[in-house]
């Protein structure tokens, strides 16, 4: 019974967070975290559950963001309308793509998603007259306070995680996992694999697109290199999934928290801890260490990725039993 | 007509370098069955090796091939042995963990280089950097012609190595059918390590040849990784001849596209061909040439 | 009208004919054996029936309807289930979940699927490993899971591809019992089998092929005495 | 496994401690926030700017700081990415409680961070990010020292009007924010000057081979080739123009890469005669650019590396911020903003005054210059009154050079 309560407790904490912590900075980080929960859950659906690894999530993210941005730019309506069509725009990109490319399996499909990502990035850059190219699209964010964004992001995160949960415990979920495990066997069990792969892709595209239009509204600025970024969006989505745990409901949530926190921690030199230590101790070596740490933060991040894949190939939620055993020496009864 | 010929020459010369990049990738992809997303980054490391040798010891870039290639071979061996092979054993839901590992490795390589050399753009200027000769009105860059020659030489050497030697045959056998190779008594684990080393050495060669006509900076790996897998898919996994075709095709297609569609379409042309081949000629040129 | 029939099926891979004009009819309720040496085209025939391969020419007719142009999942929905020679368990799902996934081909809600799956598991005698991950089953368990899963799709016609291979004598007896039980339950069975005594015991009729072509058809006794069959299996020396 | 466990606990303690320590710092000096790309692909310029900020800071503090208090700079790394830049500015404003933020190198980062400053009502003095529309949105709390990208070709324009009266031009630009906006601006200028633009084409930065582009250029045979390129694309372009023997009357670079020493180093003799727009050179008159030369020399002496206009922008920004802090009634962001709005001073980067014109608000307007590589040195050649050397025009054919 206790296990069932955890998500509820977490939800309560998240709902209360902006009321307790009024610091803009932390609220901002939490919004990013929630956004990555949505993207990570979406990626997890297509890759983790259905086994069709996408290296091009940014294609959907960017489509959603540009749908909202272009709407605001060309029609001068609020970019919030983009939230209504952002997910659909990503679907519009994902649908024909999946239709054509789902005949590809495994790594070939992954490469095709990567190509889609790159084509869209170059395309939006070149189509200057329509997309403003690299000038990007800039809008004035609607709210000064972060709280509305926070609750919108929280709402999206909750709905997306819940929908993952519902979906995987029903017919489509069983079908997704069957496809991941063995596509031929799945076919023989009466599963229209093409249809269900499309369904899974549609889910992923929709939520990633929604996250993209949220990003547009919240950040107020996008350009092709930001929203179609292979490294900062597509690979990050994969890392969120992998670090948290592929094919687990709450894995992406854990992964998103860790990735956002770690990234910020490395970037800010452990939230300024080393700088603080350097100043209080006045020690040159600590200062040098702080310097190295801040300069090498992407390196630290990369090393962490390598380490996690090496040590926890199924992510933190996926390898939780292993972690419990090794670190806390708690042996789960065999 | 002049424009057309000039572009053909430019595309062809560039294609030679691409072929060399592609052969390294195709071997790795063929043998390991994974995409190596750190390929371009490894090339970048080789370019820095060449840059250091040139600017601190005055070694000519072509001579530094003898250092850069062995050095990168070792780096490749270490990566395969200690970072990629252990993942084969791990029980994971997605087989793509190895691919992600290469992403991580790529990041680490880029950042290590950035850490040492900063984000500065470095270039190696030699006496032959801008040297050209003309055939009629068509200009040839000496450095690219030499690079093309060396690339062809390595490719031919690689081809005969794969066909004539035992090791080469084992590699090809592993690339074609891993399970069968194991049954035939091939130590596939050792083969993967050697292959990764070889692939890395070849891309190191390409990088080194590129140094005199290009420049080096930490982030240049990514685009070349992309080109490498386009070439590999064009040529067909594990096919050396395919990689040569793929490389030259990509070189020509990029140049022609850039000329007649616009320079900004250069990358899109490559990607489009890539997707078309994926869909309509799965298996790449290998399907046509059967080598 | 025959219940199920294949008509001069032909399948070329590249320039080679894997199956070259196989025809047979199966009556409702019988166990129909398909035999032949390795590479004679048995599994390819199965693959064409179940929609994995499209025949180069020929027809597959089930209850009067042409099905050879249909996709695999549609054929399953029509009531033809199959197992694989090389087992394909859904490895990281439990036995129960494997079967539930199959049951969803007939029902839509979780509760119904669970019930159907439970029935199928009990029927096939896998209850004791219900919650075990499919990949950790021994080979006999996996073979049986293949059947259990296929049964959960409630087939009228079941294609069994070497379900007895690799089993020990006790397991063999169990397998034979299960196959009979399935037939008695009203399911028609087409079975490929290498172990002669199994196929001879359970089949009502047997169809033998070699090099993709029919060489004999008849009752087990007739086929066993057939000259062409003996030659195909033992070589001309023994004939 | 004990070690792992201890390590985990250690990390936990570290993290918790780091959360706490942010809160505890007495505010003796006045904190000023600076966002710069200290890591990532733009780190080269982020580093030049950071050093320039620090140099200016030391000079100001050595003279007693402002109102008897020292200034302290809080650097935040934006890694060149807009979302990170935004986090950084938010952290500076809400956690470090700085009354003013400056820095801002990448246009994308600036575009994402400016609305934050505007909404949280803390002044943001942009020193570099040149995207035009950042100061076209009416952000009350956003100031920019750097001229906008579209104004970079001003000096080129007057040179073309006064000296090099060409008839045809080709515009090549990298597909970046800066490239797209300044090429567009130059195209407008050409229209105004009656120059026919034969071709305008973008490319993605980092191409190996520009021959496809240049072969087309050669076939068009223009009088002027205008290029907006970053440093090594710039050098490849000019080197390959030489390889293809393309001979326009002049090559002009639109700032960015063409003025950097790396360009000359990499392009070698091919760099000769190449013009470039620039915002700043160390040799500008002391009357309008007090301390420019001194800044340049000090920087080189201290860091043993080169600086250029980005550094000067940063250096000047520090002085502008300090000046506003001196004049402000109090250190509340509102008062600092008002003080900034009233800025009217001369810096090493030129006169700074935040004015509104056209659609722009609180934008500094500066003249631009035309420089040319002559004998391996960058000489200012236009406008005439500040020229160090006479412009060499027209450019000799490649075959006629030594």
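Per-chain numbering from 1; labels A, B, C and D assigned in written order.
Convention: a contact is a pair of C-beta atoms (placed from the backbone, for glycine too) under 8 Å apart; a residue touches a chain by one contact, two chains touch by 3 or more.
Keep in mind the model is a prediction, meaning the values are calculated, not measured.
Trainee: With a step meaning a move to a chain it touches, how many steps does the shortest path from chain B to chain C take?
Mentor: The fewest touching-chain steps linking chain B to chain C number 2.
Trainee: What is the chain whose Cα centre is as far as it gets from that of chain C?
Mentor: Checked the centroid distances; the maximum from chain C is D.
Trainee: Quick check on this structure: which chain has its C-alpha centroid closest to the centroid of all protein C-alpha atoms?
Mentor: The chain sitting closest to the overall C-alpha centre is A.
Trainee: Using mean CA coordinates as chain centres, what's the gap between chain B and chain D in Å?
Mentor: 36
Trainee: With centres defined as the mean C-alpha position, give me the chain C-chain D separation in Å.
Mentor: 73
Trainee: Could you please state the distance in Å, as a whole number, between where the Cα atoms of chain A are centred and where those of chain B are centred?
Mentor: One centre to the other, that is 31 Å.
Trainee: Just give me the whole-number Å value for how far the CA centre of chain A lies from that of chain C.
Mentor: The separation of the two C-alpha centroids amounts to 44 Å.
Trainee: Counting only residues that touch at least 2 other chains, which ones in chain B make the list?
Mentor: Residues 93, 114, 264, 267 of chain B touch two or more partner chains.
Trainee: Hunt down the residues of chain D that sit against at least two other chains at once, touch-wise.
Mentor: Touching at least two other chains: 39-40, 175, 202, 204.
Trainee: Two-or-more-chain contact residues of chain A, please, as numbers and ranges.
Mentor: Touching at least two other chains: 122, 125-126, 295-296, 298.
Trainee: Between which chains is there touch?
Mentor: Going through each pair of chains, those in contact are A-B, A-C, A-D, B-D.
Trainee: Quick check: in the complex, which residue numbers of chain D touch chain B?
Mentor: 39-44, 47, 172, 175, 201-204, 206-213, 215-216, 218-219, 231-232, 235-236, 239-240, 242-245, 262, 265-266, 268, 270
Trainee: Can you name the residues of chain C that touch chain A in the complex?
Mentor: Touch list, chain C to chain A: 50-52, 71-74, 76-77, 81-82, 84, 88-93, 97, 100-102, 104-105, 108-110, 113, 149-150, 153.
Trainee: Tell me, which parts of chain A touch chain D in their complex?
Mentor: Touching chain D: residues 23-25, 28-29, 32, 122, 125-126, 128, 133-136, 138, 140-141, 144, 215, 219-221, 223, 225-226, 232, 264-265, 267-268, 270-273, 276, 294-298, 326-329 of chain A.
Trainee: Mind listing the chain A positions that touch chain C in their complex?
Mentor: Per the stated touch rule, the residues are 169-171, 174-175, 177-178, 181-182, 184-193.
Trainee: Quick one: which bits of chain B touch chain D in the complex? Just the residue numbers, please.
Mentor: For chain B paired with chain D, touching residues are 2-3, 6-7, 10-11, 14, 17, 114, 118-121, 123, 125, 129-130, 132, 139, 141, 210, 213-215, 217-220, 223, 254-259, 262-264, 266-267.
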